[in-house]
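Presented below are the structures under discussion, each in the form of structure tokens.
In the two assemblies presented below, chain A is common to both, partnered first by chain B and then by chain C.
Moving on, here comes the complex of A and B:
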């Protein structure tokens, strides 16, 4: 009995180490879950990007399932996802943009709002405009509250403003069908 | 003269990245400056993974540094700032994770390994000692017999 046990110890140890290392082989260190998942969207009060006289708060996001897209014209990946996002909005998904300045540029030389508005207009007319409106996250406080690490990032809110899904990086057809579409069907059935 | 240059040269080889960060973030209160310096060295950049926010120039690290500066200036304690960041970016953002049911294994596994090894070494030591005394009794008898044999042979001659 004792002898059998002694033979088993190295085998079991080896198995555990193998499983542990094997899992590490395929784990993505950048795949860290956003801390805000399943939490209500943070409160904010920010102005419209194109029309600074208009201001928004959390109440403007409630009422229906909404995709919040954190983006900027300086961000190449955001450009890539714009056409697909536009198709989504044509299918009836409400998409609201949170405009995220290039932080390094904003800190070192400052950003020119007029220039940004022109860039946005030009880019959206070229690649499609999926946004109902764009919230200008002027000091990136909202993005910080959301735990955003860069652009693009997207958050799916249910009608009560709870964050039910999050994506770091571009959303394409594959990601949408796998991670977002089933959730939306579920939310619409439930509501 | 040569020596002085050498000494100066050696000092230029030493970099002070943490100090360089603090120059951009002035504090009147040295205590706050200390807290800020500890924080930027302990908070981890969520984008670049293996850098603290003091060393990183990623965009999000710049924003986190500015936020940390703002919060410390407002008089928040180190724990409050860490909580603020963890609330938004998860435990990942802090290089000093708390002890909980998941992280406790990081301490328990090495400790139990050490305990098992010590136990193993002690047990083996005891067994070897036993073996040694047994062997020496046998060998002693053998040696005595040999000695006697030699003595007898010597007497014969």
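Moving on, here comes the complex of A and C:
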């Protein structure tokens, strides 16, 4: 009897561990992704990228469905995304940019604000300018509050400033039709 | 087109794996030669198919085919070609494809090299390996397909490979590690096949020994490479972090070490039979558990970049089937195994038994430490983290009895011995341990008790291992496997010595430096000559040029801070002057105001010995495998055991059908 029990120890131990492995699967940090949704856009007070005398806060984002696009001139994928974004804005979607300054980039090429503004101007005139205005997230505090991991990232806000969709990486026609367009139709009907 | 061929090959391979798991097994149990004969062709075909598949993925990477999602996510046209190839296993999907390919490689090797074994036995082993392959192939195909396309909208360029992985260490580290992980599947398959066939005798131990040694050697070098990579790439001079992913590779290694020793006892003395089977199952189960922990992202770690609960659930179900199945089989069959072999209290068997108990204890501690944070959270006690301090403390007690036994065991005879016989032979160990300790105390000023103890135990092992070699050598020519043991034991001593010295005697300074400035550390003068800008293929970099002088000694070190454009991340490349007695290590930190840079400088004595230990252990395993007796034993067995074997085969057939 004793001997029979001994050989059962490994399988019992293994099954016991498996229970925790199973439970652990569904409480892992990937839930953060969804926690980001249905959450009010964080409060902030930041300056305009092109005109540092002008400042914005959350109230400036309210009132209509808005797409917030986190981007930077240093970001290759953003370049690819810009023409499509411009088409969206021509269709009447309000797009507001959050300019994500890359601290590493700043270290490397020693860029200052004037240089950044020139780069932005040049890039937007080449590829199209979808932005009503650009918020300059100089210390990346807003990006941190938003949980941004890189650029580009986009957040769709409803008229009350609640985040209803979030995309890491570029938005193209396919992503837009699948993830964003239905939501916007729904929001406009509801409102 | 090429990616579709790869995908197609993968699908056919799944069909073949399913056939491999079913037909040869039926053939072996029911004595149908045609079905048994299917095993090897299926194995070879599977290997070819998976090679084609892997090649297709590499092709897509090489030709920058960004219409393949996996390529677009993990490569970039500016990436040098060798990193584009190694990017194949740079993330989740591709590394799993590599995993199944390596499994196919091991399976083919078993099929090829086991020609002298009984066909039915080999068929069982191959069928078990085919069964293992089904799960992973299905996992790749249904949840992690590397050939998925981005049509119709594909990106102009890829997102680039994680810069951490753009390094020579990372080109070879994962394949080596996987060779080790997956290699344990051979011992596992032999054990399960022995349980299935009801032949739990010393022969299965003899067959699995070289395979286990090979897998263990690969795992050893894989872990060593990982540690070396972390040391120079992460930029803060550490070499082991007790990170969950490191533990995941360390646990199969501990089980494998125990298995190698226990297999020796089972083969030579017929003892520990059921324990050895359990260890063989455990070693591979831990490899699978490691894969689960890494691939499900269940434990947060710097290494885990692919995490998805469905994927995790898939692997978990698979673990339940494979590990649960094997352990259930073990529970139902192992209780019938009786070890008739007898031995006295002081014998090599007992010393090896203690070795196994200590290794099992170490394994449990690492397992507990790795999984406890998870359990803690799940039973509602909140998040905790168990890190290096816990593991360091436990392992520093553990290695004392382990090292003492390790040096004595080779002197002790099988079955029974007297301590008085070997007592005098241990004197050189005591003497050399004292000398080495005194030397380290005088030259490097080591004066902490635990570190001195580590040094003296390393000295004890080195002296006794060499003395034992000398005594046995004087009696006649030594088999290669004896040399193998010597190398592996010396490797362990080198590891202990490296840890004990470097942990105590390493010094570091964090300083602010402008070009032309000098800092002094342990008589070494580090001067920052200049910082210049350098352009790499897919990064721009600031390269700090340091000259280090100590008397007549003069070295030039280059520490880099690289900015990878596509992933917009910054990596450090430490500047290292490596030496057997000390490493000089410089890493460039942030740029400060003006011309100044934050710089960290280290002098790390004996740090190389840690990896030297790993290399020696791997050489040890190679020497053991190269030993002639495996080939001789196998061919002898064939002629000599043909008859009794058949009888046993029939007896098994009866047992199986009556079950």
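Assume the second predicted complex is superposed on the first by the 151 of 191 C-alpha atoms of A that agree within 3 Å, B and C clash if a C-alpha of one lies under 4 Å from a C-alpha of the other, contacts with A are read in each partner's own complex, and residues count from 1 in each chain.
The rule is short, and it goes like this: a contact is a pair of C-beta atoms (placed from the backbone, for glycine too) under 8 Å apart; a residue touches a chain by one contact, two chains touch by 3 or more.
What you are looking at is a predicted structure, and each value in this text was computed from that prediction instead of being measured.
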Per the contact definition in the header, classify A:115: touching chain B only (first), chain C only (second), both, or neither.
neither
For A:10, decide between first (touching chain B), second (touching chain C), both and neither.
second
A:51 in the overlay: touching chain B, chain C, both, or neither? Say first, second, both or neither.
neither
Compare chain B and chain C by how many residues of chain A each one touches, and report the one with more.
C
By the touch definition at the top of the document, which applies to A:170: first (chain B), second (chain C), both, or neither?
second
Give one of first, second, both or neither to describe whether A:146 is in contact with chain B, with chain C, with both, or with none.
first
Is A:186 in contact with chain B, with chain C, with both, or with neither (first, second, both, neither)?
neither
On chain A, the footprints of chain B and chain C overlap at residues 29-30, 102, 104, 107, 150
The chain B residues in contact with chain A across the complex are 46-47, 49, 57-60, 62-64, 66-67, 86-90, 92
Residues of chain A defined as touching chain C within the complex
3-4, 6-8, 10-11, 14-15, 17-18, 20-30, 74-77, 80, 102, 104-105, 107-108, 150-151, 170, 172-174
Mind pulling up the chain A residues that touch chain B in the complex?
29-30, 32-36, 102-104, 107, 140, 143-150
Provide the residue numbers of chain C that touch chain A in the complex, in ascending order.
152-153, 155-157, 159, 274, 278, 281-282, 285, 292, 296-298, 300, 307-309, 312-313, 316, 319-320, 323-324, 327-328, 330-331, 334-335, 371, 374-375, 377-378, 540, 542, 563, 565-570, 590-591
